[in-house]
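Chain naming follows the written order as A, B, C, D, E and F, and within any one chain the residues start at number 1.
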Amino acid sequence: MKLISAVVKPFRLDDVRNALAEAGVQGMTVTEVKGFGRQRGHTELYRGAEYVVDFLPKVKIEVAISDDLVERAIEAIVDAAKTGKVGDGKIFVTSLDEVYRIRTGETGDQAI
Amino acid sequence: MKLISAVVKPFRLDDVRNALAEAGVQGMTVTEVKGFGRQRGHTELYRGAEYVVDFLPKVKIEVAISDDLVERAIEAIVDAAKTGKVGDGKIFVTSLDEVYRIRTGETGDQAI
Amino acid sequence: MKLISAVVKPFRLDDVRNALAEAGVQGMTVTEVKGFGRQRGHTELYRGAEYVVDFLPKVKIEVAISDDLVERAIEAIVDAAKTGKVGDGKIFVTSLDEVYRIRTGETGDQAI
Amino acid sequence: MRIPSKLLRAGLGAALLWPAAAFSQTADTGDTAWVLTSTALVLFMTLPGLALFYAGLVRVRNVLSVLMQCFSIACVMSVIWIVCGYSLAFSDPMVNGLLGGLSKSMLAGVGFDSVSGTIPETVFVMFQMTFAIITPALIVGAFAERMRFSAMLLFTSIWLLVVYVPTAHWIWGGGWLAEMGFRDFAGGAVVHVTAGVAALVAALVMGNRQGFPMTPMLPHNLTMTVTGACMLWVGWFGFNAGSAVAADGAAGMAMLVTHTSAAVASLTWMVAEWIRYGKPSVLGIVTGMVAGLATITPASGFVGPLGALVIGFAGGLGCFLATQFMKRKLGIDDSLDVFPVHGVGGMIGLLLTAVFSSVASGGVGFDDGTTMASLLGVQVVGIVAVFVWCAVASFVILKLVNLVVPLRVSEDDETEGLDLVLHEERGYTL
Amino acid sequence: MRIPSKLLRAGLGAALLWPAAAFSQTADTGDTAWVLTSTALVLFMTLPGLALFYAGLVRVRNVLSVLMQCFSIACVMSVIWIVCGYSLAFSDPMVNGLLGGLSKSMLAGVGFDSVSGTIPETVFVMFQMTFAIITPALIVGAFAERMRFSAMLLFTSIWLLVVYVPTAHWIWGGGWLAEMGFRDFAGGAVVHVTAGVAALVAALVMGNRQGFPMTPMLPHNLTMTVTGACMLWVGWFGFNAGSAVAADGAAGMAMLVTHTSAAVASLTWMVAEWIRYGKPSVLGIVTGMVAGLATITPASGFVGPLGALVIGFAGGLGCFLATQFMKRKLGIDDSLDVFPVHGVGGMIGLLLTAVFSSVASGGVGFDDGTTMASLLGVQVVGIVAVFVWCAVASFVILKLVNLVVPLRVSEDDETEGLDLVLHEERGYTL
Amino acid sequence: MRIPSKLLRAGLGAALLWPAAAFSQTADTGDTAWVLTSTALVLFMTLPGLALFYAGLVRVRNVLSVLMQCFSIACVMSVIWIVCGYSLAFSDPMVNGLLGGLSKSMLAGVGFDSVSGTIPETVFVMFQMTFAIITPALIVGAFAERMRFSAMLLFTSIWLLVVYVPTAHWIWGGGWLAEMGFRDFAGGAVVHVTAGVAALVAALVMGNRQGFPMTPMLPHNLTMTVTGACMLWVGWFGFNAGSAVAADGAAGMAMLVTHTSAAVASLTWMVAEWIRYGKPSVLGIVTGMVAGLATITPASGFVGPLGALVIGFAGGLGCFLATQFMKRKLGIDDSLDVFPVHGVGGMIGLLLTAVFSSVASGGVGFDDGTTMASLLGVQVVGIVAVFVWCAVASFVILKLVNLVVPLRVSEDDETEGLDLVLHEERGYTL
């Protein structure tokens, strides 16, 4: 099993979610994060002074998934999240040793 | 060393924390997240129109832990977080390569 | 590739960010979290009653990084985040299986 | 408002060109104190009342844009009012019955000692100005979350002169509807019907927000909306009871019926939701309150407590049904429900003013030679005239403005949110 | 209050049945202007003042439920007041000394020209209504975060008729306490003792919130609480100075002593916390303010600035100690401290009214044939009577309501939060 | 304010010691109603208006500290005002022309029946007290996010007695500037110049916040700032129109010009930003509003609508440029821009008062034997005197306080935030 963490632009969240659902992913966990990277933040006015706000609001989507679905899921995320502009985000994949479903005690692929 | 990430219902947080403390876990890091899964969101009224809000507030508890404590910790979490209703959440376990305590520079199990 | 997650005191964030930039890290993702650990929370007044608030605001900095940069990055974080007082935080290192840049489809070290 | 209630009850009101013709030489300090206070209350309705009420209802990325729209409207309308708005509404007519003149532009002749009725004319100018501020600000709810700021300023400025000012003259400035005996005490037609109709037209011309109605677009801060709603309630005492332009029994009764209608309409909406959806909502009860207040507005100087109970109930239920119909059946994205609440409420109120003006139901009675039926006819004429003029003019103005500057921001900008795109600011940095 | 201050100082006040017996034919515009304004101010105290003050203090999952309770109480009490509340409190007695009659139910006979004292009776009805709104709303603090919405509506509605209305009649409507010369200018007993005692009873009957007192239940938004507190302060000028029912020296003095007491009590609480806990808190200083205002309320028409300084100090310190005692010693979950602040403050104020009415301390003096000691006796009788009646009646009403619909939501629902469970809404979507 | 406008226009005002010398035996209810209302409005400006305006502008970790500062200042200044502040400002002089006496300390002799002008003296005391509250509260903006709470209390308390009270006596209490015919209707010098200059000195003495100006220190909640700004606007009607101390044409005109200036200055700032930075900001438009209100304050009883238009424009543009200059060129961390907005605005307004008092521009005209040029000279003298006295005294007080308790918190505490460090509370727990 893998854990896919995708950092994407907030307004692509709905699309990504739908794409993942179509790819067969049923659950996911979403966190609001701030991103620093190549994309420049905006300039904020403060009574005539200008400040560069260099972090950008992003969302992180975490999906635990069985190995055979990984590729499809990543494709789905890339397709849905891509705007072609800098700051579209990243996908990180790590290995999961184990997964448990708290309600039933199921483990492994059953638990996802 | 392992990293245990548990996504649970927010109002179980206190119980889970206590259970982990009893199981010998001293530190943890908690994040507010939104969960999508089998559990249905609530219907929100908006001047007579009804909308389904499909994400649910959850908390993610992250615990770095030495290998020998993993089982006890997971049991503690499951016991404390379980309500038996859909949406109780998941536990993910990944391997940690290294841990550092910033204050002292300690590493490994010492650092946890 | 590794994923470095550092939980640090919020007001060290700016310093850590600058130190990482100097160490050659270009991107990172930051999350607001609550920490429980050895550091005691503050006592909050409520009309003369005192409550111990035992979690503390922290920030989690996640950096995906190529293996050769790991050590320098960790040093940079430790240097910048250390105040020498309890609660300075931890650094966790896990292995990344893969990284994708959504905009370009690049993978691996290219994508970071 | 406007027709001094004592005169009115003596059957003289309707035919009077007032306040252009001052009939008293010195102001009464008590009356003046109350209208000064009422002016503060009505400004308070817009800033921060309405601004918060609306801003809480939008998504967090547009919160500042709504505050900015309300605030800048207040500023621009004030300047227009001084330059020529007041004069065109309330000075001697240029076109008989249709529009005032320019003799008081730049407030020429309005000095420290000018008196209008029993209050200084400066106070009357200010009190009226607050109505000219809130009316275009009400329209903001229709095009929230997608209109370009510059286009909004252009539209509301022209609209004030082309729609609001003439309507105010017709009804309160001695124009043709005043002559017919049309009864609109505090702005059922002048304020609420005009704003509601303009909102409907704007929603249609601008089109729905992206994602409407499938994506839920939930209020980002209902505590802000409730705060604004409460301020509207309190401020409305100035709006309606201040419209007596005196601190007398008419003002007292206006306050009483205003409050009664608000309370009843709130409960009506609450119960309607409770029955229909199983739970009463906070947004529902405060929307009912606004409906009740809009509905009693034209009637507030003419009816008694019994009338207010019925008017509140009718306003609450009527606007509840209208809101559902607009959203669910018609699918029109009048985003914050300006037409179904203000437009529909105003019309219901104008009609019921005729019914509950009767002495039998505790009202002030009818003018000599008038009956409930004849007044009802006049009210219908007035509603139709204001509706049609406002709809046509609003449509034309929007189309013209669109030629100068596109009404809507781009799709990307709408997605990003107006706060950052138009004002380079974010509401909260918590 | 109600007893026109000029009369009172002439020693006539206490025995007078007022305002049922109007003693003036035309209203004074200045007095009317001030009471109209005061009415707006007192409504503002509840909506949004008190609503925000309380809502900021609860956890985020119950914020809307508190706003909803305050708002719906305002609506329901208004309707009850019109239907029969006003009549039962202020019309000619049904049961001599105990309760008014039904002759003014549905505000029968209250017309455009009715006068009460020097103001229109409509204005008096409205002004009094705002007191009937805020009193049950104060109780909300006791059962916040756990009471079922429908049970809350039932309880407060019955309570208004069974507790508030008779008490108001006894003291302000010419009832037995008024006859005895009981002094409660603006509602120390009628408003604060009744609300405080009902809160205490409700807290005991309903039981503590889950987790109280071990789990910290911290205010979710102290900026909201401070905002509400400030509005209460400003609104209280209408509450106390408006109770002079005139724009005269009595109103001016009432405003001055009200403000003074608030300032002193705030500082007293601040210093007490500073000494006791090492740091002064924002919540502390604003709670002190409310304590000071509640304490001065009964005295505000009778005492001078010196009295106000002492009363403020006594209110601040007394309520500070009472709060600690309730929470720490007794472990009663009167969640937002209604009894220790309003109940205790009201009682302290009623007692000190007797002391500082003396001319020597700058007060208005005593009625002919009365002394400080005799007045103190009367004040004690009044406090005991109101306390006992309110406690017994509140207990019985709660038990009865509980038979119809359980007072408390289920454990699970309490955990989930009332906003989602009862209203299907969330306060913030940031 | 202060000089009854009718007298003034009759050319008598300037030489009059007022209100010490009451010239009327009974109060007018209408005038009293309006000043009672105005008192509520001006308190509302500070609590919650200014408190919210400022608190929204700081970072989230200091939000409560700002609210606490404003709130505690209101309490402490009130007590000082009663103890001796009012007496030293408004009673018969101790040092001729420079300072009042102590004959009215503890408000000795201010009873239920004392009259001052056409209102009860209690009301005058209260109205003036609200000015003594807001002036030191304005200074808070300069040292926000870094000053120790206890030092702040000490500083503002001494400052009130050493700077505010004498200045108020000079200008409003019959002192030497009043004798010279200095015109400051509602506090351009007494309130805004003193607060602005003290802010500048405080910013210099305390030093910049850590990280200023490199680190962006963005407002944590602009919706709160806009809410506070709107309350300031509404409350300012009481500030300026209340300063007529009557409900007459002078009050009406004061309200009209106040509103006009606010609207024009808001738009001026908005356009300036739009031109200079490409986008208009919410913070910009509301800052322009405050600038416009501060600028019109001294002029508000002397000028007409035309004057107000120009004054609003000058205030908006002048303060916009001053803000830029202070931040960008001088790098002074007057954190919330008190000096460039209030100080500069007040001075511009005082100068333009001389220009637009002329009858030709719709003003009240000049006193007998005075011309625009001579008045301008007097205004310059007054500005210089107030500026210098305030600067020197503020500097000395700060240095002295610093000997008792350090003005600034430690670096670590500043980083952690004042809310937790000084008050053991956090603003939001969402």
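The rule we apply is simple: contacts are C-beta pairs under 8 Å (C-beta built on N, C-alpha and C of every residue); 3 or more make two chains touch, one makes a residue touch a chain.
Since the model is a prediction, treat every value here as computed from it, not as a measurement.
The set of chains in contact with chain A as well as chain D comprises B, F.
Of the two chain pairs examined here, A-F and B-C, it is B-C that is joined by more C-beta pairs in contact.
The equivalent interface to A-D, defined as the listed pair sharing over half of its contact pairs by residue number with it, is B-E out of A-F, B-E or C-E. Chain geometry summary: the mean Cα position of chain E and that of chain F are 34 Å apart.
Chain centres here are Cα averages; for chain B and chain D they lie 51 Å apart. For the pair chain C and chain F, the distance between C-alpha centroids works out to 46 Å.
Each of residues 28-31, 33-34, 37, 218-219, 221, 247, 277, 279, 281, 283, 423-426, 428, 430 in chain E touches at least two other chains.
Shown for chain A are the residues that touch two or more other chains, namely 31, 44-45, 94-95.
By the definition given earlier, chain contacts exist for A-B, A-C, A-D, A-F, B-C, B-D, B-E, C-E, C-F, D-E, D-F, E-F.
Only residues 215, 415-416, 420, 423-426 of chain D touch chain A when the two sit together in their complex.
Across the complex, chain C meets chain F through its residues 11, 14, 42-45. Touching chain F in their complex are the following residues of chain D: 27-34, 36-37, 39-40, 43-44, 47-48, 51-52, 55, 63-64, 67-68, 71-72, 74-76, 78-79, 82, 106-107, 110-115, 119-123, 125-126, 129, 149, 221, 224, 247, 422-430. Every residue of chain F that touches chain D in the complex is listed here, in rising order: 5, 9, 28-31, 33-34, 37, 41, 59-60, 218-223, 226-227, 230-231, 233-234, 237-238, 241, 246-253, 255-256, 259-260, 262-264, 266-267, 270, 277, 279-283, 285-286, 289, 304-306, 309, 362, 364, 428, 430.
Interface of chain D with chain B (complex): residues 213, 216, 218-219, 273, 276-277, 279, 281, 283-284, 287, 320, 323-324, 327-328, 337.
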